[in-house]
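Order as written gives the chain letters A, B, C, D, E and F; numbering starts at 1 within each chain.
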Amino acid sequence: MSTEGKTSYAGLLKNGIFGENPVFRVALSLCPSVAVTNTLKGGLLMGIGVFFVQTLANVSVSIVRNFVHQRIRLPAYILIIGMWVTAINLLLEAYAYGLYKQIGLYLQLIVAFAIILSRAELFASKNKVVPSLFDGLGMGMGFLIALLTISFFRELLGSGSLFGYHIVDTKPVLLFVLPAGGFFAVGLLMGFFNWIDMRFFGGHGASGASH
Amino acid sequence: MGKLLELVIAASLVNNFVFTRYLGLCIFFGVSKKMDTAVGMSVTFISVMVISSSLSWVAYHFVMAPYHLEFLKILVFIVIIAAFVQAADTMMRKVAPALYYKLGIYLALITTNCIILAVPLINADSGYSFIDSIVFGFGSGLGFALALVIMASIREKLEVADVPKPFRGLPIAFVLTGLIALAFIGFSGLITL
Amino acid sequence: MAAISEKAKGQQRLIVSVSPHIRSEVTVSKIMWTVSASLLPALVMGVYFFGPKALGIVALCVVSSVVFEHLIGKAIGKPGTISDGSAFLTGLLLGMNLPASLWSINPFMLHVPILGSLFAIVITKLLFGGLGYNIFNPALMGRAFLLVSWPRAMTTWLAPTATFVGLDAKTTATPLGILKEEGVGKLMEIFGTKGNLYLHLLIGDRAGSIGEVSVLALLIGGLFLLYKKYITWHIPISFLATVGVVVWIFGGKDPATGHLVLFTGDPVMHLLSGGLMLGAFFMATDYVTGPQLRSAQVIFGIGCGLITCLIRLLGGFPEGVMFAILLMNCFAPLIDRAVKSKPFGFREVKA
Amino acid sequence: MMHAASFNPIDAIKFTVIFLGGMGALFGLGLAYAAQKFSVKVDPKVTQVRNALPGANCGACGFAGCQGYAEAVVARLEVAPNLCAPGKASVAQQVAAITGKVAEAKEPEFARIMCQGGCSKSQKRYKYEGVRDCRAAVLAGGGDKACRYGCLGYGTCAAVCPFGAITMTEDDLPYVDITKCTGCRKCEAACPMKVIEVLPASKEVLVACHSKDKGVDTRKNCEVGCIACGMCQKVCPFEAVSVANNLARVDVNKCKVCGLCTTKCPTGAIKDYIPVRSKAFVMDNCIGCNICQKVCPVDAASGVLKQKHQIDQAKCIGCGICTAKCPVQAIDGTFNAPAVFEAAKAKKVKTAAA
Amino acid sequence: MPTFAGGVHPPDKKELSESKQITPLKAPDRVVVLLRQHIGAPAKAAVSIGDEVKIGTVVGRPEGFVSAPVHSSVSGKVIAIGEFPTAMGRPAEAVVIENDGKEEWAELKEDPAFMDLPPEQIKEKIKAAGIVGMGGATFPTAVKLSPPKEKTVDVVIVNGAECEPYLTADHRLMVERPSDVINGLRLIMRSLGVKKGFVGIEDNKPDAIAGMRKAASAFQDVEVVSMQVKYPQGAEKMLIKAITGREVPPRALPMDVGVVVQNVGTTVAVYEAVRFGKPLIERVVTVTGEGIREPKNLMARIGSLVSGLIDECGGFSAQVAKVVAGGPMMGFALSSLDVPVTKGTSGILVLPEEGIFHADEFKPCIRCSRCVDVCPMGLTPGLLSVLAEKGRYEEAKEHNLFDCFECGSCAFVCPSKRPIVQLVRLAKSMVKP
Amino acid sequence: MKDLIKITLNLAIIFICAGAILAVVYAGTEPRIELTKKLEKEKALKSLIPEAAFINTAGTYEPLEGKKAEYYIAKDKNGKPVGYIASSYSKGYSSIIHLFVAVDPAMRVKAINILDEQETPGLGDDIGKKYFQDRFKGKTLDQLVVVKNPDPAKIQAVTGATISSKAATKGVRTGVEFLMKTYLPGKGVTNGAACTQPKAPDKGEGSNK
């Protein structure tokens, strides 16, 4: 893994966004991708939250990686992530109260996202600060882009609007605002990307955890 | 008593965490591939749920609330749960290895399950009493267990289905969960909390 | 010997296949078309009460279902499945489960049946591998999708006008809706006597989905299927019996205080109203989405009945048949797992 | 507005630090103590795998967390090392290395279909109706091919191939895509007719027939069957082909893949997997030793002693024998030339070093 | 009327041949006597090429306990010993004998006191005669009649159900030789020391029931039972359930519930073997089906070729698609007509192109439960077929795969026309019981 | 043993560091959060009675079991009451509805504002829309009755969402009843079931659902 330090920073970014996209490819941290994506605003906010937490957590874990004792690695990392989540929650509560009220619970739950912990442990705890930063940026971006994609379709189909502005005037498909609609949106998009992968890039299909 | 029953039904069916609150999905999709793992996870999960709701209630009401440290609740809850789970894991392995290999192995999966954190947070926000908190934790665990078992049984059936290739695996599992969630809408309005 | 060999060679090659070498007459398409045919009486009654536009809605569902099955089936490499009649039946059932108001009140709601068919055929059925592999009843899933997506359009009911005309229709509530929101008193106010209420429900002269209103016509179709052995009694009877018993026990309220009074419910009214008959005879009995063993089917039927009552008596929706069947579809694989077949001569091993 | 009055930042910081510090100490003590007191001996391999895994306990592998997967992948042979979704390829490599579930660097092997009798080239005994599966077809009358040894063509091998490497051709024969084949032998095990053999990748000339029938019978059933005429045995310069039980076999240890037998086989039963055989040509460092002329099976090489030789491009079949035998590596252009040159260079270096 | 749970009602088509008297088939010029005509170890050739044999000469000696000898069915010369195509498709070891037309018997001694022979001697004679279950299972009869000590047999049932459509061989035997059947039954009872014997006959053969009742009227311990017409009434376990009410547990044998079942043909063969010492060299074969010119019940020598039987019945009357050895529900489709009749060949069924079922296309299981309803073994055949189709053989085993005896009822009723029996057989071949 | 202390210290230090960072962030943001919340609420109250110059918290009461709610007096520049506002809760179809109801001194409804509800999208959540909330304007307590058909003297339910409409109306009624009992004693209903004695303002404010 440590050899990855040599790979380009752009490569790390790209890896997060495409190669190991946390939502569509690795299929981790799915809860928010369903929960908050019925509006683009929610998706954006959540994506930004994860983006910051991931980046900050990666950097701080990388900083303290030689200090933390092996035995308590896990609780320590969880604590660091929890700290950043809390901090970001406080900041959002202070400066974006209206939105925070809508998706507050899910923002708090970022702490339990497998993707953040796994990147921290898998990458940041074994790499220097700068590569960890870029890994975090890449992963965070990947997550953000995925959430925006999903919420774009859900808001458009479910509410007929984008960022709250009305686009279509007929009665929209309310299902896409509901939880069930979130599952459909993610499932169909995943299947669609798999199809693209298989059709045009000769992939094997079967994304993420589906071995 | 009636209220407690309502709490259980509301947490397990009406507001099922997986199907209406979209939480715990990673574990849900990972563990529901096989019935055995689904059942093992369910039992372990319900027990941890009950214990962690009570632990966090104690921490919240005896330490955090008096000293105005509510803002630390995310941090404190997750750390309490992580520490408890790790301690339970270590101890069980030594003290009751048979039980450990049947149920304890699922303990590790629990810290990354959002539900385990969401329940104490909701407990704290809704101002539930100690008993309420435990019952709510139990109901939530039950709901998750129900979701797991249903999903596992359907996915075992799906194994032999001719699902179009791009949709095999997770995509179809998502669509399936969506369909189940759609069916679970039938319970809505049954109980309002 | 040589001569015989020569003779054998002169002929075309023999066919070899594994036994049995004879098969019964019944085929999938025969089943599907028969079920479709047995729905006809109910459809005719629906059209009689709600006018020709109701027929238009059903036809729209049927056509779009068949078209989607054909197109998407081709795309995913399962062509030629429309001849088995399952898509036709799905479209027919979906259409019969829709309110006639979709066309009469607002002509722009005609995309609703089409999208419903799309959801039913593609998402619920073809994505899971097509007929035989779907987990949920496609027609009901289609309807559930429509109900949550366009809740108002899907709960706007036409008052029956009779005689195939479908004038400028008035809207009204379904008997179950009235019961839920305004209580038995209001229902009696409208229909006068209980006998009159039962009669209206039996004939189908009431608001509701196109195909669910005429209990009499549905019973004719259902009994025909039972007689032809295309369905068995296990699911419909256990379903109906459960609803009857539970409603009788828990369905009664003191008209003055609104408190529950045990053993005073009106099972007849509940059995005749809503989509119960349509559901019990034509949808819960869907082979693919129910359990296989007969004993498991009884459990399935009882489960459907219990959930129906739960929703009707306590839940948010006036009618619970659709959700009950869909929820039991979720549980069917679990029931199948729990109820194992007992092989011939099998005895519990005694320790 | 009510709260703000009582808010004291100093107090908040003080309480926070005391509370968290206490908690940290408590948990640290507890966990450390528990870990010591309740320590359980584990396979060091498990610990190694566990450390290689991301530790996210996401459950995507289908096991109970990282520890569960680590234990399973070490203990059970059938558990694949690449199940960790967040870890992806890099973790998979590490896990494979730790558990020894990694193919050693040896010559790759490919599945080879030992039958060329597709439906256009062979006879059928009867018309089979039923499940499109070779194993099932065998249950109905023993298989419909007139040849009892041939491929039935119902594609069981293609169905069981986990890598999608086998596809069925128009002629109802399996085709192996060697870029995907891993030599896992699943198809070999599944074939009821035992038509598939998994052989080293370089052994590209094979008798693609298994018929042990007498030559006449084979010929009656199939156009491309081995009739055991012995031609290949005669022409093989390396004595790698032998005929026994009415069937010619290539001994892969002796075969030099020259492809000579392929050209001589009257029924075309010998298959040459080298798609195009490039022809040999002589380079300027030829010393005119005449060896190529002697070894050439088709008399394509000629030349005057001590002068640069020529190879008749019209006759050359690209078998590469001359390339291999040339003492000064003066013949290039054949499929084996790079390998031969490489080997000679290595030898030279070795001798020089010695 | 006694029967069992499940089962199907295929059109029985018995009218084609049920009124045709059993007629002997002329001994062919050449017979192919397979060395393995029974379940168990194949017999070992006891003659060599060029040997002169007579009718009844042992040409194959049994190997091991579960095995049976085979005899020459003509007199003449052994001209070949080697592999020969069989009804099952795969070639098998056989002795080919050229008929010299002399019809000489090796030895044939009538024992007038055959009814008083001690049980051991009866069994000896049955064993020597190479008698096997002639209903199709071909289990060596002598083995069936030698139950282990700890198992007490108290009932013998003669299986006259003949539930397979088309077939009438047993029917004709019961009509034409009722007393031989009863005698055979009583010999079997005697050999086992059993006091109660039944003859179970399906209701659609009233003449057989009447004839058998008459023949049995003299004997207190023999009862003729008329049973409901339903396939597979003639399967051992179903027959036992119908007549005695006993259920044979999974994987157990009829003798575990104290019952021995013998086919009508076997019973007659037993009678002939014990009384005359006649080995099993011929049997009744029903040649029938819509594709045969003149359906017949033939007494054919073992080793006659199927093509000979068909010629005897006037050849094909239509474009023939399928020729089946045995009944339409469980018989084997023949790939060639040059295969010999064996001890288990109860019928040759010729099905014309017109009206035949083509098994090459089938649809996914729609879980209609028809197969579950008809499965006499109480299995879930549809599920088994799906599991087998998807290669999940181990799971199929957990669903009692090996309790299936492949009666074909499920495949018969399946609306998706799934080849359930083939898939089950495939699964069975892929896992160990 | 040495290990034990080392680990303990290690973890404790991390905890303390994290705690310190967080505490600083908290100290920095807390006043701002409080301010935001206060402004939000004031904005909401102000929009109900725009003509009021001051709106002051008057106390709390319990409209629903376990739910505390505040009520307010709105005064003009001269300190004359121009209306009253009550926060109220009621059980809706699938969520607890939280709303403000403002009345004029004569206890006629001036405006209502649904603050929080999670009713069925497309149906029940129409109670949050203006057209429905406008139906409450000018209604007196005895007019707060839900009917299905248009009726200017009553509250017409949202089509297809009678339960949610009734729940919202019930919440309004509870608030109005309480305000009448508090400010117009004798005139209003005396036996308001859901009302309890008013309490003095206290610090434990918990209206975030």
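Basically, a residue touches a chain if its C-beta (ideal position, glycine included) is under 8 Å from a C-beta of that chain, and two chains touch if they have at least 3 such contacts.
Computed from a predicted structure; not experimentally measured.
Least step count on the touch graph, chain B to chain C: 1. Listing every chain that touches chain A and chain F alike gives B, C, D.
Judged by contacting C-beta pairs, the busier of the interfaces C-F and B-D is B-D. Ranked by how far their CA centres sit from the centre of chain A, the chains are topped by E.
Using the average of C-alpha coordinates as each chain's centre, E ends up farthest from chain B.
Chain geometry summary: the mean Cα position of chain A and that of chain B are 21 Å apart.
Centre-to-centre separation of chain A and chain D, using mean CA positions: 39 Å. We define each chain's centre as the mean of its Cα atoms; on that basis chain C and chain E are separated by 48 Å.
Chain centres here are Cα means. That of chain B falls 31 Å from that of chain F. For chain E, the set of residues touching two or more other chains reads 89, 332-336, 358-360, 364, 389, 419, 422, 425. Residue positions of chain B touching 2 or more other chains, listed in rising order: 26, 29-30, 71-72, 75, 79, 83, 86, 111-112, 160, 162, 164, 167, 172, 175-176, 179, 182, 185, 188-189. Within chain F, the positions touching two or more other chains are listed as 7, 10-11, 14-15, 18-19, 22, 26, 30, 93-94, 120, 122, 163, 208. Chain pairs that touch one another, listed by label: A-B, A-C, A-D, A-F, B-C, B-D, B-E, B-F, C-D, C-E, C-F, D-E, D-F. On chain E, the positions that touch chain C within their shared complex are 4-5, 8, 10-11, 30, 89, 165, 237, 241, 247-250, 252, 305, 307-308, 311, 319-324, 326, 328-338, 349, 351, 356-360, 363-370, 372-373, 376-380, 382-383, 399-400, 403, 406, 408, 411-417, 419, 421-422, 425.
Within the complex, the chain E residues that touch chain D are 88-91, 332-336, 358-360, 389, 391, 419, 422-423, 425-426, 429-430.
Remark: chain F residues 6-7, 10-11, 14-15, 18, 21-22, 25-26, 29-30, 32-33, 36-37, 40, 121-122, 208 touch chain A in the complex.
Here chain D touches chain B in the complex through residues 6-7, 11-12, 15-16, 19-20, 23, 27, 30-31, 34-35, 37-40, 56-68, going by the rule given at the top.
Within the complex formed with chain F, the chain A residues making contact are 64, 67-69, 71-72, 75-76, 79-80, 82-83, 86-87, 90-91, 93-95, 97-98, 101, 174, 177-178.
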